[in-house]
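Common to both upcoming complexes is subunit A, partnered first by subunit B, then by subunit C.
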Partner chain A sequence: MTAGPPKSRYDIPAHASADDPRVMLEEQIGVFESIPPYPPRTEREAEFYSLGDGQMFLNIGPHHPATHGVLRVVFKISGEQIVDVDPVLGYLHRGVEKLCENADYHQAICYMDPLEYVSSLFCEWPAVMAFEKLLDVEVPRRAEYIRVLSSELNRIASHALFVGFMALDLGGLTPILYGFIERDEMVEMLASLTGQRMLFNYFRIGGVNGDLNHDFMSRLGAWMGRAAEQIEANLGLLNENEIFVRRMRGMGLLDRETAFSIGVTGPNLRASGVPFDFRRAHPYSVFPELDFDIPTRQEGDCLARYPLRIDEIKQSLRIIDQCLHEMPDGPVMAKLPRLVRPRPGRAFAGVEGPRGLNAVYAIADGADQPFRMRVHDPSFVNLQLLNLMLPGNLVADMMAVFSSLDPIMGGIDK
Partner chain B sequence: MDRALRRRLEQRFGERLTGPIRQRHDETEIRIAPADVPDVMRTLHDDPAFAFVLLADLGGVDTGHVMQVVYHVWGATTHDWLRVVADGLSRDDPRVPSVTFLWQGAEWLEREAYDMFGITFEGNRDLRRIFMPPDYQSYPLRKDFFLADDAARSPGAGVRHMEQSHAPTNAVPSSAVRRSRVG
Partner chain C sequence: MSVVGSSWRRLTLPGKVLAVTVPVLVVLTIGLLAVVALVGPIVIDVLAANMPLVRFVVAATAVIIMTIPTAFLVIYMELKVIARMNLRIGPDRVGPFGALQSVVHGLKVLGKEDFTPTGADRLIFTWAPIVVFLASIMTLLVIPFAPGLFGQDLNIGLLYFFAIGGLSIVGLLMAGWASFNKYSLLGGLRSAAQVVSYEIPLTLSVVGLILLAGTMSLNQLVLGQSGSLFDWYIWQQPLGALIFLIAAVAEANRTPFDLTEADSEIVAGFATEYSGMRFGFFFFAEYVNVFIMSALAVTLFFGGWTAPFDWPFPLDVSLDPASLGIWLLVLVTVVPVLLTLLFAAPFWISSRMPTWQALVIGFILFNLFAVAVVFGLAFMSFDWVVGLVWFMLKSYVFVYTFVWLRATLPRVRVDQLMGFAWKWLLPASLLNLFVTAAAIVVVAR
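Right after this comes the complex of A and B.
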C-alpha cells in the first residue's frame, strides 16, 4: 500500500469531467476495496486473512464449473494442503424474501421456484403449506396425492442429476449423460403435468394447478416399467470404478453429533447413520399412509452419500407406485377466492426435500401480501460443512467433498 | 397441537415467558426476552423432557415496532414445531445473544439475520455480511427499506451514493412503514 490518495476501483481517465458518474461515485463514497485486506470486520476474518509461513490464498469461483453455480471459495493453502476455507456467498442473491413481501400470496409461490432450481416443487410446497395453515384451508386428498407423486418424481430427477454431477466433478464424463437421459424423461413428464420443464409453479394454495392428464400418465407408465432397470444400469458405471471409489472413500467424514450441531438434514445426515427424515419425523401430507423405508449408511463419508441417494430413488419409486394405486378421486383444488387475506398470524411449514429441510415461515398481517416470508434452505446450512471437512485435505479433494454435499446455489443465495 | 408440551413449557419456564403460549395447527409458540435466549435454548436443547436437538430455522423479523429473532426447533418429544420468539429487540440497536454455543450451524443463519436486519448476535465469532457486499450499508429486509430507492443506495449498484445507516432521516415518513398488527 502506497501513501497518498487511494486508487479507484475503476480506472477513471484524467480528463473525466466532474459530472462523470464514476467521479461522483468516488467523491461521495470514497474508495472501498471490497477484496481483503480491508480492515477485517470480525476476528475470524482477521484470522483467516493473515497468512502464516509458506501459506497462500487460492480463490475458486465465483464462476467455476465445480462450484455448481456462482459460489466463491477462498482457500488458505500450504502447498497442496488446505489450511482454512472461507466461502463467499451472495453472487446469486435476488432478495426473494423481500420480493415476496411485495407480492400477493399466489404470486409469492412462483418466487419460490428458482430457489432450488433442480427441485422446484420442494420449494413451493412449504410455501403453500404455510399459507394453507394461515388460511385454515383443507387440501383435497387427491391434491395431496398428486403433490406427493409429482414431488417424488422431482426428487428422483434431482438425485439423478446429483449422481451425474458428482462423477463429472471427479472427471468422469459419461454418467452425466446417462443422468440427463433420466432427468430429461422426468422433466418432460412433469412438463406435461405442470406446463413447465423446470420452474413448475404447480402447487397452489389449497391444491394443485391441474389434474393428472393422459400425456403424463402414459409417459409415467412407460418410464416406471423400466426405471428400476435403468438405475441399476447406471450404477454399474460408477460402483466399480476404482478411481471414483478411491477418491471418495473416507473423504469428508461427518459424524452424528457434528451433523446435529450444524443442523444438517437430508441425505447428508442419513449417510452418517441417522435414520432421520421429516416425512417420518414430522409427518405432513399423506406420508403417514404411505409405506417406505428410510435408507441410511453408517460410513458418513463422501462415498456413502452416493449409494444413499440411489437407495432414496428406489424408495421414491415405491412411493410413486403406491400413489398411483391409492390415488382417490375428487377435486384437486379447495374453493378459495382469487385474492386471499389470511387473518393475522404466523405459520411455519417444512418438507423433506432432496437436500434436507425446505421450510417457510410466513407472517400474515391481514393484508393480501405476506408481512414476512422467511425461506429456509437446506443447502445453505449444509454448506457450512466445508469449513469442517476441507482443512487437512488436498485442493483436488474439494471437488469430491463439495459435490457429495449436493448444494444448489440458487437456494443458498436466495 | 400438543397440550402436554404446553404444560411442560409452562411449568419449566413460567415467569420467563413474556406472553401467552400460542398453539395452532402443528406449532407451539413461546415468547421470551432476548436476554433469556441462552438459558432457555440450552434447557430446550439439553433437558430430556424437551430434547429439541435440531435447529430447523433462525430468522429475524421486523414488525415495524420492534425486532424479533425467531427460532424454530425440532425435537422427538413432541409432534409440534416449537417456535421461540425473542421479542422486543429495539429497532435502533437490536441485540441478542448468539446460540452458536449450542448449534454451530447457527453461525451462518445469524450472519444472514445480521445482513438482512442488522441484528447483532453477541458471541457469534464471524458476524459479517453474508449475501450483500461488504461495503453495503443498509439492511434490506427492514420495514423502512423501500425497494427501488434503497437498493439504489448501494455503492455497488448505482452512480450516486446516498447510503445512510439503517434509519435514513431523509427518506421514509414513519407513517409509510408497514407495521404489523400481529405483535
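Right after this comes the complex of A and C.
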C-alpha cells in the first residue's frame, strides 16, 4: 500500500492540479483568515487585523445592498457589536484628477460630472468657477442666476433621494419610491434644460450651455405650485414613525470640535449646530443678493441630519422662487475663444453642495490643459466619521449612520 | 395475413401507437376493475379498521397540497399590494393582472442550480430547509378550517401548535451554522434569539384564553365563539389578542421584526447561501407561515370559521317555483334577455364588434353567470363551504395586514427587538394572565 497524500475531507481527487479551485479553497477552510493575506503594512493595519477573543471580521461590501455604491467596510465584531471599523476605498477609482490633466479646460468639465452622480451640477460648478478665475472671465448675470436655479433644483433632487435611501436602509420600502417621484420630476425638468437626466454637463466656462426654455419653465411652474405640500406629504410616513425615530435618535453623535478637527462640512456639520454654509461664509455667484436662511440643529445625531435636509429643501425652494423673480435678461455665455490658454497661476473655487464643500484647486501652466487638478469631495471627509461613530454600536446601526452621512461613492473614490 | 399486414403498413406513427396502446389500456382497465371488485371489500375493511390513521394520512397530504396555492396567493398579494402602496404597478405580465407571477417564481426556483458552498456542512445544509418547511406546515394539521374540516382535533391542539412551530428555529439555526457564511451565522443567531424571546409572550398571551375557554382544542375554542361577532374572544381578551398579534409578526419573521433576513444589514440572513429549491423551501415556509399565523389569530380571537353575523338571506335553495306566481314568467322570459343584453353592452359599445358577435358573447356570459349563481347557492347550503369562506376571508384580512405592515414600517434594531419582548410584551402578557385569572375567580363566586 502506497502512502498517498492524506485523504481530503472534501473529496478532492488526488490528481487535481494545483490551480484547481477546490485545492486552493481547501487550504482556507475552517479558518477565518485575517482579511489582507499580506503582512500588515502599518501599525494601524496590524492592530486592526489581529482578532481578539470571540471576535470575527465581517465584510460589508463592496457588493452589499446597503452601501450606496461600492464601499467596502471591514468590521471587527464581537457578537453583533462593532469593535473596530476599516473602510476600504477605491473600488470605483477612475483617476478623475489625472484624466482632467490630460483634457483641455472644456473637456475637463465633463469628467467632473460623475463624481457625485446624484448632484452633478455641484461637481461641475467649482471646476468651472476655478477655470473662470484662472481666465479672469466675467460671467453674465443671467448665467449666474441660471446656475443657482438649476443647482438648487439639483440639491432638492439629491435630498429627496437621501430621504428615500435612508428609509430603505432602515428597512422601509415605501419612502424611496415617494422620493423618486419628486426626483424624477426634477430630473426630467433638468433634462429639458440640459439635455441629460443625470450627468448634465451644463455649465461652461463663462456661462451655461443654453438659456431657459419653455419646456423647463412650464414644468418648473407646475412643480413649484405643489412642491412644498408634496414633500411634506411624502415625509409623513417617516416623521411620526416611532421605529424610525428610535433607531436614529442619539445615534452617531457628532460634536462641534470633532467636526472641526475632521473637516466635516455641509448638512452633517450644520446638524451639529455650526451655521457654516459656503454660500454665506465665502459668497460666490449671486448668493449675496439672495435671501435665505441657514438651518441648523443642535443635536448632532442621525435624526437631526434628516429634518435639517428637509429644511434645506425648503430654503432651496425659496432661492428658486427669488431666482425666478429677479433673473435679468441678457446673454448666458461670455465671449471666449474655443481654445483657452490661461496664464500660469493657481485658483481655488468651492461651492456648497448637498453634502458639503465641493471644491477644486486648479493650477495652470500656460498650456491648454490644467497642469494639476485637485478635487475636494465632501463625502470623502464625512466618511471618516464612520471610524468615530460606529465602534460600540451594533451592525444594524451602520446602516443608520452611513445613510445619515449620505456619502456618494463616485466622489469618494474619484 | 396480407389484409392485417397492409392495414398496419398504412397506419401513420400515431395510429400505430394508438393501435397498440388502446387495447392494452382496455385490458388493464378491465383487470383493475376486476381486482378492485375482488380485493376492494378487504381494503375497505382494513381502511375502516384504521380510520384515524387513514384520516391522518389524508389530512397530511391535503395540508401539504394546500400550502402550494396558499403560498402562491400570499406571495402574489405581497407583490401586488406592496406595489400599489408604493405607487407602482407590480407584476402584470404573467396571467391576468400578473396572477401567475408566483407560479413562474416557483418554476424558476425549481430550475435553478442547487448550489452547496464549499466548506458547508452538507448534511445539515441540506436538511435545514426541510426542517423549516415541515415545522411550519405541520402546524396546519390542527387548525380547523371549517366544521368537520380539520386534520386532527387534538385536545392539546394549541400546545402542539406552539411546540411544532417552535421547531423552525432549529432549522434556521442549522441553516445559519451550516452555510459557512458570516451573514448566515448572524442571521441564524438573530432568528434563534428572536424566536425564543417572542415564543414566550406568544404562548403566555393565549394562556388567559385557555383559562377562559377551559380547553386547548382549537376546535372547541372555535365552537366556544359561535354565535355572532360579539361572542369572539377578542372582546374578552383584547390585550391578549394585541400581544398575540405583535408576537405573531415576530414569530413569522416579518417586517418590522424581519431581522433574520434584513437585506440592508446581513444580505439575506440564514438564506444567503441557499439557491434553487432549497431556497424555495425557505421562501415557501415564510409565506405559509404568514398564512398560518393569520389563521391561528382568526381561530383564537376572531371566531374561526363562525360567521360574524347571521346571513340575512336563507341560503337553502328550497325555492318553490309555484309560489312566485306571475314573477316566474318574468324570471324565465324577461330576465335572461335583459341579462344577455346587459352583458353584451360593454362589448358592443367599446369595440367595433358586429352586434351579433356581442350578443353571442353576452349570451355565453349570461350562461356562465347563471351556472355560477345556481352552483354557488347550492354549495353555500353546505355548512363547511360557508365556514371555509368565512375562515379564508378573515385569514386573508390578517395576511393583508402583514403585507401592509411590510410596506409601511422600517425595521427595528436587535436590542430594541429583544427589549420590546422582555420589557413590554412579557409583563403585559403576565398582567393579562393575572387579570383574567382573577376575573374568572371573581365571576365564579
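Keep this in mind: the second predicted complex is superposed on the first by the 378 of 414 C-alpha atoms of A that agree within 3 Å, B and C clash if a C-alpha of one lies under 4 Å from a C-alpha of the other, contacts with A are read in each partner's own complex, and residues count from 1 in each chain.
In this text, contacts are C-beta pairs under 8 Å (C-beta built on N, C-alpha and C of every residue); 3 or more make two chains touch, one makes a residue touch a chain.
What you see is a predicted model, and the numbers here were worked out from it, not measured in a lab.
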| item | value |
| --- | --- |
| Which of subunit B and subunit C A:243 touches, first, second, both or neither | second |
| Which superposed partner A:380 touches (first subunit B, second subunit C, both, neither) | first |
| Which of subunit B and subunit C A:394 touches, first, second, both or neither | second |
| First, second, both or neither for A:98, with subunit B first and subunit C second | first |
| Contacts of A:177 with subunit B and subunit C, given as first, second, both or neither | second |
| First (subunit B), second (subunit C), both or neither touched by A:218 | neither |
| Subunit B or subunit C, by number of subunit A residues touched | B |
| Partner chain in contact with A:281 - subunit B first, subunit C second, else both or neither | first |
| Touched partner set for A:169, first subunit B, second subunit C, both or neither | second |
| Overlapping contact positions on subunit A, where the subunit C interface meets the subunit B interface | 22, 25, 29, 32 |
| Residues of subunit A that touch subunit C when the two form their complex | 10, 22, 25, 29-30, 32, 56-59, 64-66, 80, 167-174, 177-178, 181, 237, 241, 243-244, 246-247, 394-399 |
| Residues on subunit C engaged by subunit A in the complex (per definition of touch) | 82, 85-88, 118-119, 182-183, 186, 190, 255-256, 258-259, 262-267, 406-416 |
| Parts of subunit A lying in touch with subunit B, wherever the complex brings them together | 21-22, 24-25, 28-29, 32, 34, 38, 41-45, 89-90, 93, 95, 97-98, 102, 133, 258, 260-265, 281-282, 344-348, 350, 357, 359, 361, 363-366, 371-372, 374, 376, 380-381, 383-384, 413-414 |
| List of subunit B residues in touch with subunit A within their complex | 24-27, 29, 53-57, 59, 61-62, 70, 72, 74, 76, 79, 81, 83, 102-109, 112, 116, 125-135, 140-141, 145, 147, 155-156, 159-163, 178, 180-182 |
